[in-house]
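In order of appearance the chains are A, B and C, and numbering begins at 1 in each one.
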């Protein structure tokens, strides 16, 4: 739940591609009811972007905030379900680009939308054990939903990353982290398939809700905290509805999740989702604020984290672009261009 | 098999690493083994900051075949803050936004890929500077 | 002092899309045209100007191939490559071979077969004339590099795109007379201005076409030349210079410093200056290159390369007629062959084709975006 050595976040970075497709445009193409779309619009990566390039942007932003020498990173871990190569690490490219090579552990992590948060938990352990001075964990995706599938309305691109270091250097100190995992096949993609399959309503109650709630409750129980102790809460956000509902069930209410709820504006960035919400909250948080964050990955599991913000956040958060500035940097594209960028049209 | 020729350029392209003449201080990108100014052969690696301004640009409509997927795209001569001028694509910008004097920042992007089954080559592009708005 | 070098034979094949002819067919056709023109049928050496046969038709080793198929016997034969400047560079090699006394008769053939591949591949191959790892890799086409130079030129000297559009009009004006030209028709200024943008600010009609062609010239000493003709055309000055391969490495983005250097050498060797040049074949692969060439070889002040053109001085009858056989734009630009076409065309004009009475002419051939430039001055032997 907590490493023997006190650790925290020394730097964080976010990135969202600038292109957006309105979900009503997707509905128009497939003849669906434009009034029933789950969110307003979602981010789309440009034709020269993929999980590698997005992770590099994230890592550079995190390094700017942390102001550390990249050669002091002992790990560059990237969690994603949209690796550009099926075999060949994404993380080595990222590590090379940020000059963290060669004395660094690099690996790609996979656990659907939880792949990002588990890299952060592993960084906590890596630094907490004394094996690393700093470690970087990134959650990133350029998620794809099958054309006309419900997931196409939300599958988006973006992510966030966290540099973990000692508590005394941190902008937010870790209070504890826990995971809750079972074998629950609610969403999957078989080898060589382009698009994932999912269990429709089965992805809700027995999957998302059960894991997010169980993990969150367990961590608060361990820490002896309650929702009222927290200023902000972030939950994995596949849409707008789920995180709001889970927040209500857990007793956090609506107000505490709104600042970290980015999916209505950019969609579900999968492995980047909860981590991006956490970055948006850090952009806003002040010294003494307590932040609760729970991810969710299909298959299925959740990682929960509890942080307390320090006085170092204020001067560091302004050193790189905020989540809000990335949300506001947008260019709308139509379905045809979206289909081209996402290689849905074979050339 | 084009792997080695891209692999050996990777660090220079991913991070914008060039060279600095140890004798006269002249900066070069790409790196040079002989200083174009004083002909010294002593040099060290130089990490460029990655900011500069556009001194000329064009929008490519008729590209080399390996860049077809990326159409339409702009290419510019970017004068780096430190002096050297480099040729690079401008990304995340509309053609009509571009102008001589525009400030840009370096990003690492996908430059080209060898079909669906070959290697992906990443490298530098430049984009309009992302403003640091904070809530 | 060794004897002057003369051009005694010219063979300029028709430029175009030769679907039915191979690279060797084109080369051999022009060689035998040059033999017929000269009155001889044997040479001591062959220099082949060619940019990229290895990529266009997957054939290297052109010297031996062409010598064999042209029936030249076991003579020394090599290929000279300097991108689009290959022809001019090969001509200078041939000149030096005769001038040195090494060979009596030298054949220079420029050849390029470009139409066997798709246009997008052609674009990729031409981009190899730039810095492959730091220009072409980043997606800039050859046209794109010229567009970058053009926009910078327009910016620095406050020149409008429409002013540069005059150059294709001038080249096309002379094309109907040019039997070997690809496009034997005139075009209007409006047509150039309104043609589709290829890489802004360059339009389609600012650019020379992709095509096939071969040109050959035969060189020997003036003394030997006088055995065949009373009016030999002599090579009085040659110059070749290089510059950084990448446009981004140039000290002045809008100066072809290789043109400055090459023309200086040629003028010095010929003992003349720009004012003594009566006619000019310039490398108008792109309109911007015409303006820069005129400036950098001393025919116009910097930034005023379009001035004489707009005044009508580059047409036949003007102060400095240019591209009398259509230039690269109308004759066509079979890249590695172009420099040899230019020499042949100067010879035609100096021999007297009924249009101009010129004593002396200069041919300028550019390789890449200006990294290799040759300047050759030819004049009537007295």
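Here, contacts are C-beta pairs under 8 Å (C-beta built on N, C-alpha and C of every residue); 3 or more make two chains touch, one makes a residue touch a chain.
A quick note: this is a predicted structure, and the numbers were derived from the prediction, not measured.
When chain pairs are compared by contacting C-beta pairs, B-C ranks highest. Relative to chain C, the chain whose mean Cα position lies farthest away is A.
With centres set at the average Cα position, the gap from chain B to chain C is 32 Å. With each centre defined as the average position of its C-alpha atoms, the distance from chain A to chain B rounds to 29 Å. Computed from the mean C-alpha positions, the centre of chain A lies at a distance of 59 Å from the centre of chain C. Multi-chain contact residues, meaning those touching two or more other chains, occur in chain B at positions 68, 70, 89, 111, 125. In chain A, no residue reaches two or more other chains under the touch definition. Within the complex formed with chain C, the chain B residues making contact are 5, 9, 30, 36, 55-68, 70, 73, 75-77, 84-89, 95, 100, 111-112, 121, 123-125. Taken in their complex, chain B has these residues touching chain A: 10-11, 14-15, 47, 68-70, 89, 91-92, 94, 107-111, 120, 122, 125, 130-135.
Against chain B, in their complex, chain C makes its touches with residues 118-121, 123-124, 127, 131, 133-141, 143-145, 147-149, 151-152, 155, 197-202, 244, 246-249, 253. Across the complex, chain A meets chain B through its residues 18, 46-50, 52-53, 56-57, 84-85, 93, 96-99, 283-284, 317-318, 320-322, 324-326, 328-329, 331, 347.
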